[in-house]
Amino acid sequence: MSIHVRVVTPVTTCDPLTLDSLQRLARSDLVLTTVEIEKGPPSIESEYDEALAVPDTLRRIVEAERQGVHAVVIDCMGDPGLRAARELVSIPVLGPAEVSLHTAAMLGEGFSIVTVLEKLRPLFVRMARMYGVTERVKSVRSINIPVLELSNNPSILTKSLCDESLRAVRDDGAAVIVLGCTGFVGLADAISAFLRAETGIRIPVIDPLPLTVLTAAAWVGAGISQSQCSYRPEVFNGVERV
Amino acid sequence: MSIHVRVVTPVTTCDPLTLDSLQRLARSDLVLTTVEIEKGPPSIESEYDEALAVPDTLRRIVEAERQGVHAVVIDCMGDPGLRAARELVSIPVLGPAEVSLHTAAMLGEGFSIVTVLEKLRPLFVRMARMYGVTERVKSVRSINIPVLELSNNPSILTKSLCDESLRAVRDDGAAVIVLGCTGFVGLADAISAFLRAETGIRIPVIDPLPLTVLTAAAWVGAGISQSQCSYRPEVFNGVERV
Amino acid sequence: MSIHVRVVTPVTTCDPLTLDSLQRLARSDLVLTTVEIEKGPPSIESEYDEALAVPDTLRRIVEAERQGVHAVVIDCMGDPGLRAARELVSIPVLGPAEVSLHTAAMLGEGFSIVTVLEKLRPLFVRMARMYGVTERVKSVRSINIPVLELSNNPSILTKSLCDESLRAVRDDGAAVIVLGCTGFVGLADAISAFLRAETGIRIPVIDPLPLTVLTAAAWVGAGISQSQCSYRPEVFNGVERV
Amino acid sequence: MSIHVRVVTPVTTCDPLTLDSLQRLARSDLVLTTVEIEKGPPSIESEYDEALAVPDTLRRIVEAERQGVHAVVIDCMGDPGLRAARELVSIPVLGPAEVSLHTAAMLGEGFSIVTVLEKLRPLFVRMARMYGVTERVKSVRSINIPVLELSNNPSILTKSLCDESLRAVRDDGAAVIVLGCTGFVGLADAISAFLRAETGIRIPVIDPLPLTVLTAAAWVGAGISQSQCSYRPEVFNGVERV
Amino acid sequence: MSIHVRVVTPVTTCDPLTLDSLQRLARSDLVLTTVEIEKGPPSIESEYDEALAVPDTLRRIVEAERQGVHAVVIDCMGDPGLRAARELVSIPVLGPAEVSLHTAAMLGEGFSIVTVLEKLRPLFVRMARMYGVTERVKSVRSINIPVLELSNNPSILTKSLCDESLRAVRDDGAAVIVLGCTGFVGLADAISAFLRAETGIRIPVIDPLPLTVLTAAAWVGAGISQSQCSYRPEVFNGVERV
Amino acid sequence: MSIHVRVVTPVTTCDPLTLDSLQRLARSDLVLTTVEIEKGPPSIESEYDEALAVPDTLRRIVEAERQGVHAVVIDCMGDPGLRAARELVSIPVLGPAEVSLHTAAMLGEGFSIVTVLEKLRPLFVRMARMYGVTERVKSVRSINIPVLELSNNPSILTKSLCDESLRAVRDDGAAVIVLGCTGFVGLADAISAFLRAETGIRIPVIDPLPLTVLTAAAWVGAGISQSQCSYRPEVFNGVERV
């Protein structure tokens, strides 16, 4: 039986790059579908954007469960709606920030996050605290390109990510790089190759969305989902869900 | 000049008890006004309820600033919308959980939270982690009465709070009690008197809403507000706010 | 292309139960092979047992990489040799304790480990500290059955695990159960069903070996491995490996 | 009824600047009185100075309670005698370091302390550990001017504070500045304006003494004081105080 | 050359038991001398007692250095004056609480402190935080006998310590016992024997004063003392001491 | 009665420098003997080296106990085999890293480790986490000289250690220096003198092996050893050891 993972994009703009990258993960036994929200912000670059994105994101996640999907991945490094969604459905709901930060903590002693804008730094600091990995965060760096302009100049984007990642390794002591925006999907290999060329050693670069989709499949295969002790079942649209 | 603090209630039901309790705080130089949201849940007992409450709560907070209010207090122990709101306005926005947990950490070595329902326990555990006071939390206890039934039987409510608070002190080692729902407003004195009668010593019981309103006034008086390094100014309804 | 994961058992006894359970994970694109060490202890129940198991375990892991395997999983909840192995090979090496403890931290606020013998408790306490999840560990419980007697009486084994898991949930506040011995493989579903019957809610029970094998496949799929900043390449038997 | 807060200065020198600054806080319902000690050091710049200041400071605090004062604030960023005083009186005793560090933790993700002399740095590091906010301290900077020379050259003092505060923001990642000496009273607004001009954003600068006085008033208004579980009542001069 | 360690007792009462116990530590190359303060409390059972004891304790420590003593041990588990004294002298100054808590952390995963009175519990909680070992403290238990009555009934004293130590091991998970009052000197062996008889295993019981004296000798032998980066040299009675 | 401490060197090369340095510690009542392993690596510069060194190191430690030795010190800053050895013998087993890191935490607020090679940095980071002193580590610096070349050029070795130690103090905020290789034995005084000349203040430099030998003697004198709650007695070569 194949595993069906739904990627819910909590913004109203659809990035074809993401779809392409994700389809490369599909296997005979792994079905990937994607959906974006209808009502919410065009991009997420603040706590406020997240707050606006959450209600429709939750609706999409409940819909996924009703359609028989086995796990949901929220397509944003702010993990918007993660905790509320886990109260609403029985299937696993995964956020790329939570999965990436814990995975980075397993791959090396310290890691850095490289994201789009400096203004997102405090959001990552708060998530690290929430997820219990503060001690492992060496730095949060940014490339100073807004989300909606990421596709404007691919070569500048890649170069900026390479440069900031190298600074994180050399100046901040990062042993692992976590890409801090799911819009960076597909660029990890180039950055990793650059770091290897510059430092002579292999430094993992986490591409959060593919890693989280594959981790979701692993959780489904292992028969685990978020605990209802921590996320008590909740009414949604008048229907008790337990 | 008097200080104007607005209490924004992030649910659609209005509790007259709260208004009465708050008016006792008003002084010649402290003006208190209250408002509830129009669109959202009737009560907040989950992450999902919080998510639904946030958008209209933010609208009310921006409105308060436009009306010349000096500080806003969110009237819910989940601090819904606290971080997003701080991106939207320049005036201080305070959450009763954040203020109460930090104040409790100053009053004694460890504290317990006594709240309405067991299902809220993980939310408080996560907030303690977010606010950096995990080490100080001795327990989260609940009285098993839903928010909307709190006013049904006042004597049972008070007795339940007294009993659980005493257990927190005797069994869990709490030195301070934090009431875990702003709907408990006005009951701290009775619980504190009960604890003194039972233990022979003075144990502070924090009534979060009044404490947070007075702390808001202190912040205004001291000329401080949340840092824009941590909460970068954000567009709201098309108006750049910096 | 299929992913090849090698399970290296760091004891000299082979458990057919494990092989059966693992084969259920095999998919068209996931090849699983297993091997045990030739020189070492018959079971691992102490730091001393681990120390004796490590040299031959490392030999098996280097052998796996030379054979073209894509990832290695160490089949023991003490993660023996994990850090040394990561210096010796480029392919990902995963320990079931590290993966299970981080995964449990994602599934709920706190977790308990249920293991074979009380004497293993300090080893888990030290691993939790090493992996940075101390705050999340609610308890380490044991069923008082040595590893080599686990298969003697399956029904007593299952019942003991169910009972201790329920105590961990009810008395210690665990939201997630981590089985503390890879010899418990295949029993998670029965325990989970028991917990649901007793508590009315869904509480995840982590079966470490299958979860770690699937996580290894996810890491291979995502193109990541341990960082050489944290695990510098090391000579093995006179051959520089970088 | 008005609230009476007593500021106890734990040195033998009286700073008229402080009195002026504090009187600006007085309201119709807030009475402020000040007193200094008679026996002790002229300034506090070490643990040793603090130790000498404590006995007479405690005498002044007990005296304040006997005179019907509602709360006491210790006028020194070392919080000398804070814990002993809390054993001696029932009224709240507040230290400006404890209040400022916790308040800073609420205003932003990280903060820096700017104090008089480098030699005070370890004292602040130890206080941060005692108060549980170590993770939030980005740096402790100093202006290299002894306490007793602060009033010699006001413009150099202000400029030095501005410069070090800006370095804390730019180089150390501080989101909030805490002035590390109560002798800096009244200078926060100028520093905050300077930081805004340089960075373009609003960065709170905490003036510890006014904030602590207003917080003391808030605690009195909220009916809370230190817990006698953490500060057991103590004999003072032969009079049992419980 | 022999090493000279001075034990400074920060109370005005002299306990002959202590002298006897300490003299058993003397070796051909270890000279022990003791002195008590002249002005201060008769016993230390609170932060207030400590505050009163500190000034004369500091005088005695400076005196010791002037007399050519090689290291000073403060004879009280509150470590009164430890940090101020380290600013005043170049020779090592050791507190039995700091040494015992760090040593306990090396001997086992968790430890409990057994002290005289329940009212001292928060003092130990705060010291554990200051010394960075909070995570290791399993409990602080007390025998409910005031310091000045310890010698009234030796058999009851020993039995109470044995009983509470056993409870700490059985109920709280302590792997090590730290005696929480230097007045318990000489009783560790009896308690340790009792614990071994009851549990069948060897559980270390730390007698703080002898351990700290021997640790002081080790520091002198190793040529180390407190850092002047953390304890900047300080004027004492008008004499600059650097 | 004299105390007999055995230094077990977990490599197959014998360093006469170490023997000389240690013999200077011998006193009338302190007997020091040394032994190296027969089978293992020539030096320890990785987790892999440590893994290979452990089995024979354990054999040497058991042998020491059988010969009536009172305490064992492992002569390597990786503390190889420390935890396994503590399961095998009743006498205290000490690792120089554990003792040095805890001692450094007592001597000052923060410390730096200066070691041989950059590749050892993650090992020290992991040990600091295991020993609970992460917060205190300011940096791990290296002189880029392999262990087996330390004696090639003594003056370069000393100069490199002085330079990196000074950088740790000036740039990283270290208040204490911990030498990160037992092969640096005997060099602490020269480094300390250099730091004093450069900074004007006294900064302790910990020479781990002598300090650990003297601490071992202190533990024997105080009658304490590792807890069997944390290190349960273990069979060794078929002989039950309890």
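Going in written order, the chains are labelled A, B, C, D, E and F, and every chain counts its residues from 1.
Here is the rule we go by: contacts are C-beta pairs under 8 Å (C-beta built on N, C-alpha and C of every residue); 3 or more make two chains touch, one makes a residue touch a chain.
Being a predicted model, the structure only gives us computed values, none of them experimental.
Distance from the centre of subunit B peaks at F, each centre being the average of the chain's Cα atoms.
In this assembly, the C-alpha centroid of subunit C lies 51 Å from the C-alpha centroid of subunit D.
Averaged Cα coordinates give subunit A a centre that lies 43 Å from the centre of subunit D. The distance from the centre of subunit E to the centre of subunit F, with each centre set as the mean of the Cα atoms, comes to 26 Å. Shared interface positions of subunit E, i.e. residues touching 2 or more other chains, are given as 108-109, 122, 126, 129, 132, 135, 175, 229-232. Contacts between chains, counted with the stated touch criterion, involve the pairs A-B, A-C, A-D, A-F, B-C, B-D, B-E, C-E, C-F, D-E, D-F, E-F.
Of all the residues in subunit E, the ones that touch subunit F in their complex are 25, 27-29, 90, 94, 98-99, 102-103, 105-109, 131-133, 135-136, 169, 174-176, 188-189, 192, 201-207, 210-211, 214-215, 217-219, 221-233, 242. On the subunit E side of its complex with subunit D, the touching residues are 46-52, 54-55, 58, 81, 83-84, 86-88, 119, 122, 126, 129-130, 132, 229-232, 234, 236. Residues of subunit C that touch subunit B in their complex: 108-110, 135, 175. The part of subunit F that touches subunit A in the complex is made up of residues 122, 125-126, 129, 134.
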